[in-house]
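This report refers to the structure that appears directly beneath it.
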């Protein structure tokens, strides 16, 4: 799976994007967050406040309980602030 | 008193403006309209539909029952259509 | 900053927006009215009441600046003969925040339609010319802004 | 006519209004967002999600064109480093009548703030830089447009 990060999340994780093989126990966006948090303290810090996180699978906004099946890219970022 | 006319009213009366001495019996805007209607058929035609007339005394919008006292210019015109 | 103008020369949206751009606000809004080729119309002719029209426009700008926190308002209205496709009126506002700029801009054009001493005649391809009648929909939209 | 652009080059209101001016409509509306010098801010930095952002903007324009009778919509958003006083976003609409142009323009900027994948960082005179937090007032304004 390709992971992409933006804004505050990107800075906290320390990279724009990465490719990772996701364990078979990881089914949803929420599972991904939990798994990454355990991988490294940087993810734990970046994902510390779930209320301030938003997710997109293949560039479509999704909720944390969405299954990853069939998607290639998970984006994790704060609420948008354009305009 | 100076009378000024705009748009459809101006074309029906046949002039932009005129100076007229107003008879002592003429007290209000309405009295003016009635008096002018009797002076000439052009005014009767121009002022035929009071619902489609608006009035200003010294460039302030007024209603037909407003007294002329102290004012120098009466404007008679249709509802505005700018913009 | 406020500016009101009635002119027989061609006008443009930029004429209204340019003086508002560097007032330090975060939001600009504009409305531009253009002469439309409705039902064979080839040109408009805009008449106004010199002196009163400018007073009307200044009163509208003052009311907008009293109702909303604005950094500036510009209203420019063209008069005389206006060909189809040319601009008739431009309204622009500047504010710190977008709600103020957008609302004040809509207020100014809605109320200009019912409150400012302009009259519009349509010249058609067949040589005829007709004064435009006031619209009840304009009255209704202007009424929405009453306090 | 619709046009959506995300660009790192300077933008201007005219870039959005020019393509709308000669579509035959009687009404143009525009909104321009400018980087403000709030509390020592010297520049903004706008990040976006290439691909998704353009999809978001196109979806907003499509929704506007489905809700209102419009002749055209243009949305141009700048990204990268933006100095105070420079334009961040321009939205413009063209319609036959003013209500459509004004409402669609307000809709587009209100919903862009909550629906398009942009993130804003403020750079300050003291060298610090802070990501801007999403505002509940923006959510409330966007919510007003839900059907």
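In order of appearance the chains are A, B, C and D, and numbering begins at 1 in each one.
As a convention for this text, a contact is a pair of C-beta atoms (placed from the backbone, for glycine too) under 8 Å apart; a residue touches a chain by one contact, two chains touch by 3 or more.
On a predicted model such as this, the values are computed, not experimentally measured, just so you know.
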Treat touching chains as neighbours and tell me the shortest step distance from subunit B to subunit C.
1
Following contacts chain by chain, what is the lowest number of steps it takes to reach subunit B starting at subunit A?
3
Whole-Å separation of chain centres (CA-atom averages), subunit C against subunit D:
23
Calculate how many whole Å lie between the centre of subunit B and the centre of subunit D, each centre taken as the average of the chain's C-alpha atoms.
49
In angstrom, rounded to a whole number, how far apart do the mean CA points of subunit A and subunit D lie?
26
Where in subunit B do residues touch two or more of the other chains?
none
Quick check on subunit C: which residues sit in contact with 2+ other chains?
33, 98, 109
State which pairs of chains touch, listing all of them.
A-D, B-C, C-D
What residues on subunit C touch subunit D, complex-wise?
13-14, 17, 21-22, 24-37, 85, 96, 98-99, 101-102, 105-106, 109-110, 141
Of all residues in subunit A, those that touch subunit D in their complex:
4, 6-8, 10, 56, 59, 75, 77-83
In the complex formed with subunit A, which residues of subunit D make contact?
33, 46-49, 51-52, 55, 77, 88-89, 109, 112-121, 131-135
